[in-house]
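Naming follows writing order (A, B, C, D, E and F), and every chain is counted from residue 1.
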């Protein structure tokens, strides 16, 4: 049995996230709040809040922006020793203008030319990394970054599988990065390595051409087509900017598992899906119970909406208190 | 046919607007957010967001506060070359304490002695200005500032009409500036020059003594009494501080046009009426279709509630996306 | 008849209150907003907003934190000349992380070793103080701080009563300071001095073992058991973080008085109960009418939710305007 | 012998003071820092820091700006019970743009129409006030505000003298408020009531036509001409924005007293002269020693430069530590 | 004689400028101050402060960052109607970490792939633009951006000259954009169109291989080699971060003109050279006197150091007051 | 030869550090900047900036303040896996009011009852920790915290030595924690384990009763008395608040090594001594050259003055550039 150093390894881009305070637009603002964000980093951060050890693999420019990204990951206990430092390429940046109903929140990506888009499959010692890991997670954003990033993703997935890691994959389709047909062509071969597929209701239809309308059917169809052990479908409803409703269901072992719907007051919804993935993975790794994993995923996603920034600052204890009905009252 | 330099010319006061952050009261705060605001300036700013060219006429003190007001107008592309610079008089200031239900938002005006209250009718080259303009807009605040400001308003309206401009007038009754009987005496003669009258449901009753209870009837009665081409009545409902409902109807060509009601999450509702006027005027000038104008006005007013400050940072494109049902989801 | 210098005297701890801005957690933040708070100080501040004169008695360390607490009390016109200045003991601190549904607001107390926990009954010239006062108010937090603080509370209550002051007592059970059995043992003897008992629905059950389920019955039972002239029960419902519902009822003269329920948008609910007490006491002292006192208490508590910090910045005039139905519209 | 309630009474205007952060200009800024300031209020605040009791007399508008001014005075323990509250007139405002060498700090006054400019001599119960006071201080700004303010100043000085108070007067010539000849005509009669005249080197020449070039001679000449017990001349040198040199000399009992020159790092030099006056008055009242008063005045003025805002947050203890050579090292 | 619409036209890139507050490093900060900056835009802004009319030509992405850049230029009255709006390319960004001695201020450029680097010479209607202009200014940064930007620069210079504009060129060598040999090869042909060459002491040596050590000789040699009407050499000395010394000399009409050295307290030195250019150009256009132009340039550059951001908020009036010795004292 | 996991292990307290912005005093401020600081943590952070691996040992309360301290350490790559988490005791807090000459910076400690003061010698697995470490560093603050902390310090030093680690000790006398005689009694036995003693000029005299006046002699005497391999004496001179001069000398191998004096502009001098220790230790571990270590220590200490907060954000590369004369000019 292998000596485990990391419970979870993730691989992907993280960006500098800049947003005007107080519902201003970029045109209007004189200052920006600076955070760090990226789907796979968000997951790596999330699982540490449950007490798991995680490592995040990426490629960053050797400059202050790259260091800032690393620091924020370290702040939340993510191992950054496998970051590839680059003299070329930039740190991706994205801007968020937070809206209020009916003005939508707007994201402006400025991520082209990033260091990670130039990553080569052999720049990371995947083998030695996964030999000390239990689980690998990646999302559909990473292969969308560039052909070489797609090749690195394939290499990582293959090696993780060979090394005995379980694998989760968040479909996370990004229309600004690639077209559906490319997303399908590149990702279909990758699905072979995936145990747990996480997605929302739209992406499988867009990317894999599925047509099921009910989430339950969609999950079952995905599992049937690609042989996933589990398929999770997150279901969010944006009631307005400041109110949302969240749930998710899982197809596992031939059964559809459901959870109740949660109402949230929204501080910042960006990263909620990544928190779901982190909670689900942590729940699965810690308990081996899909129903428990679903609850942890939902609770962690729901709580994420209440923090500014993509990261989730709740802990396993907060999640458990919440699931036990811990309340709304200030405790004195 | 005249060479048009300005699609819209507006005339009125703009003030320094100071507000404590974070729902504090003035008594409580240690800092103030500084914006610039004024009904007619807000309209001049608004129409530029639709791609129209506007000029704003005013009188400002030649000091840093006057310059600050000018700069903010210029920032949003409003032509300020017709501002009259004065060695006397001050810049008006107003303070806003933002409330939360059930504490009302409170406005403290400190506008007496302003430079514009001393404006003389002949200080502005109205003739040459309107000969290069398509439309003139003013509100009932300007004649309320002082007798000489009222005389200048009359002169402006008369000259605009003579120069072939269409004219809109926002009734905008301000009880802190004058009494209803004075508002009626001064404004009734001005109504002769007005094509489009914009108002809420209360002001016509207060100022002109109308008694119609339904907005439709009010609009029709106004049109009948004063011969307006169009009458628009805005209908807002403050559900709480953080939630409001908005619509407006227009009486045009013997017909009452209605639009749906819009629910909004409120960041800052000040200036929504001015945004309505801007959207309506822009829609009318661009499309000549009153129904379209009404939709643009409503959409622009609704979106205004989501920005801090009196100005509206949405564009024609945002308005069109919104009217086409562009959604609540973050676009990635 | 005595010459009155203070309408209301209160006695208790005040702390430095630190909270991260923008719904951040302590782990996450780089800055803290600094306020001053404490149940009895909040009441002393509250009654000055109705035009009453108040004095707040406490023991503070002679250092900048102690001075900061004093300054904030003085800023709102509370007489601080009876504070005992100490070379020993610290200023208590408490941290608040504001939540959003479903993440609860969390309070972290760091109050042990405070100067006031070392207060001795004879350090304050109670006699001369109460001879110039009309009313004394204290809450169950003060005797919970330490045995000597409990002894000082007893001494204060006894002397107030002897000096002809009316007395109100807010039960305010704090589970982090003592156990229910200690709270009962220490407080039961104190109830003899109390005219007006203010509490919520849970504390009498926890502390005095009452079992009545309906607030009306609870109030009546309290009055019967302990001989209070009046018992007030506050009833709050946290609909979410950003929305709450508030009311209170009073048992007075053998009758249960009720008021309507108020909906509020919540900026900061901490201190609402103290605002109720302040409004009720002020109403009672000013009008001698329990129904009026109840309305003032409710109105003042409701308005408190709309200010950041524990203090209430509304005035008697605001309360009266609100009770007369003064509205939601911005006044211009 | 009279029962003293106030060691020092002062009389004058206080304004809302607004300044852009970070060396921005008003044209440039989006926010303002809000302080409260006024020469005589600054002195009233200053003497409380030495443990003296002070009252500040003024006339303020009954609105949030007036209340904000009062609150800040109370925060530093100044008695505000003699403020005259007015339904008319505004709160004066002044704006400061802080410069850096060689760009000068600029002040924009917006003080016309202030409530205090409408004060009437009989609106303040001067007699009963001064019968419980030891010392009265006023500056040349108060009579410059308006003829009625000048009359009130005369009345106050006369009554103070009759009531046995000692009197200090800071010449404080403000060229934006009146012309030298008016300043002379109005103030010369007032000099009869003054014991301690405080001034800089320029004002006596401008106002009273003195021609002495050396500060020593100027002080002596002033004493000779007007019969002052003491004349103090402050001598400041602005080495740059961020560095200044300060001293003052006093003519007392036929002798010129000097102190050393102090070098300071400047955070905010506004109000340093008022701090000098406060320190000097406190020193004189506490010790009766002109040399000690001069040292306290200089020390307090010097330390003022290190605080943002007009107020001085140092205490008697800080002043004494500083004068004993308490050092530059952080104490651990 | 041509009808002049613009006194000065400039052409170049402007970027979003982001800097951490309070001497933090990028790695350390949680927020960024957002300004807009670019050598030629800074000059266009600068000349408007002297009352001249300017237009700035550039190519910007049609997105919120592009709009933010335009807005800031408009705020200071720069005509932006000739900006080429692009669907491709990004807005350049640069980050500044402000240092304190001995830690240097550090700039991190993130400007590759900018819209302007893709500009084509024929995208701007140079002819019609320059036919209504008096003067054209560009710096060596623009041709360094890309070969097509260099071609556009050449086209602009040629057309400006043909249209009778005077031309100034700031050498502004940027080692991060190109190598000295490329800078020489590209720029030498452009020198034919230049009337006024502005540079520091290092760049001519690096780019054109000059070897003169004294600034006077350098200026004369430049004029001799390239036939400039005037050569200006700026001479700055960074005494520390917070203190600097500035002067410049001009070679004009066979004569070396000098000015005195100015000491400054440094708030933000970025953009001082551009302010020099603006002041010099304004002085030359307004007075035709090289000595006056040199003084205006120096004064404007010196005053720039005192504002945060690249722009200069002083006006012609400030410059004249400063040159007349207007002082350090706060004016009251 | 041992497998090294940590280059440097340190042991001590870290506190929450709160300071008012903008030279305000605690009495004055409405917000606080929140940092984390502690002598040994500062050193652990410092060495990571040179690329070394460090672990910091401490005892922290299991609450948000404890987590905040850990996060900040992790952010800068310090291993926190050996922190002892406690259900009892609090996180120490300290407040800093930054002064400007001549007002001193003031520190208010609120550290009593901290979790680490209750640490027991056997709570940390010292043996296994030091078997994987090269160097151990602690300061005289740790044994001053409590007798049990002193016992733990002794245990740590003894075990480090036995495990073959080199040991450095910063004398760091804190008069607020213990008296000189206690400091001597407790620390003298500890000196046996120390290789490198770091101190300023005052502490050895206070604690060990040394009387040498020249730093050189002091260092030599210390080495002679206690058998240290190296003694380093830091020599700082606070020219004012905003300017300081720094150097240090080392006695090593019978020789006194000196370095030049460095002038600095001071942003925040707290932690400069710890940065010296970090730079010296890093230099010694990396190069084995005492002269180089001294230079690194001085450079790192000097650069520390330019960052807000106790931590040093410069890197080995910055230090080397600085020592090679890398300059004051902005690099473009």
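We take it that contacts are C-beta pairs under 8 Å (C-beta built on N, C-alpha and C of every residue); 3 or more make two chains touch, one makes a residue touch a chain.
Small disclaimer: the values here were computed from a predicted structure and weren't measured.
K.L.:
Applying the touch definition from the top, give me the chains sitting in contact with each of subunit E and subunit F.
P.N.:
A, D
K.L.:
Same or different: at the subunit A/subunit B interface, is the fraction of residue numbers used by both copies above or below half?
P.N.:
different
K.L.:
On a CA-centroid basis, which chain has its centre farthest from subunit B's?
P.N.:
Result for max centroid distance from subunit B is chain F.
K.L.:
Relative to subunit D, which chain's C-alpha centre is the most remote?
P.N.:
It is A.
K.L.:
Based only on mean CA positions, could you tell me how far subunit B sits from subunit D in angstrom?
P.N.:
About 45 Å, centre to centre.
K.L.:
Could you give the separation in Å between the centres of subunit A and subunit D, each centre being the mean of its C-alpha atoms?
P.N.:
For subunit A versus subunit D, the centre distance works out to 62 Å.
K.L.:
Using mean CA coordinates as chain centres, what's the gap between subunit B and subunit E in Å?
P.N.:
The computed centroid separation for subunit B versus subunit E comes out at 39 Å.
K.L.:
Could you say which residues in subunit D touch two or more other chains, in rising order?
P.N.:
Only 25, 27, 30, 71, 106, 242 qualify.
K.L.:
Return all touching chain pairs.
P.N.:
A-B, A-C, A-E, A-F, B-C, B-D, B-E, C-D, C-F, D-E, D-F, E-F
K.L.:
State the interface residues of subunit D toward subunit E in the complex, per the touch definition above.
P.N.:
Listed in rising order, the residues are 22-25, 27-28, 99-107, 109, 174-176, 238, 240-242, 269-270.
K.L.:
Provide the residue numbers of subunit D that touch subunit F in the complex, in ascending order.
P.N.:
So the residues of subunit D touching subunit F come out as 242, 262-267, 302-303, 305-309, 311, 313-314, 318, 322, 326-332.
K.L.:
Which of the residues in subunit C come into contact with subunit D in the complex?
P.N.:
71-72, 74-77
K.L.:
For the complex, which residues does subunit F have touching subunit C?
P.N.:
Contacts found on subunit F: 18, 25-27, 29-35, 63-65, 67-68, 71, 90-91, 93, 95, 97, 106, 108, 110, 112-113.
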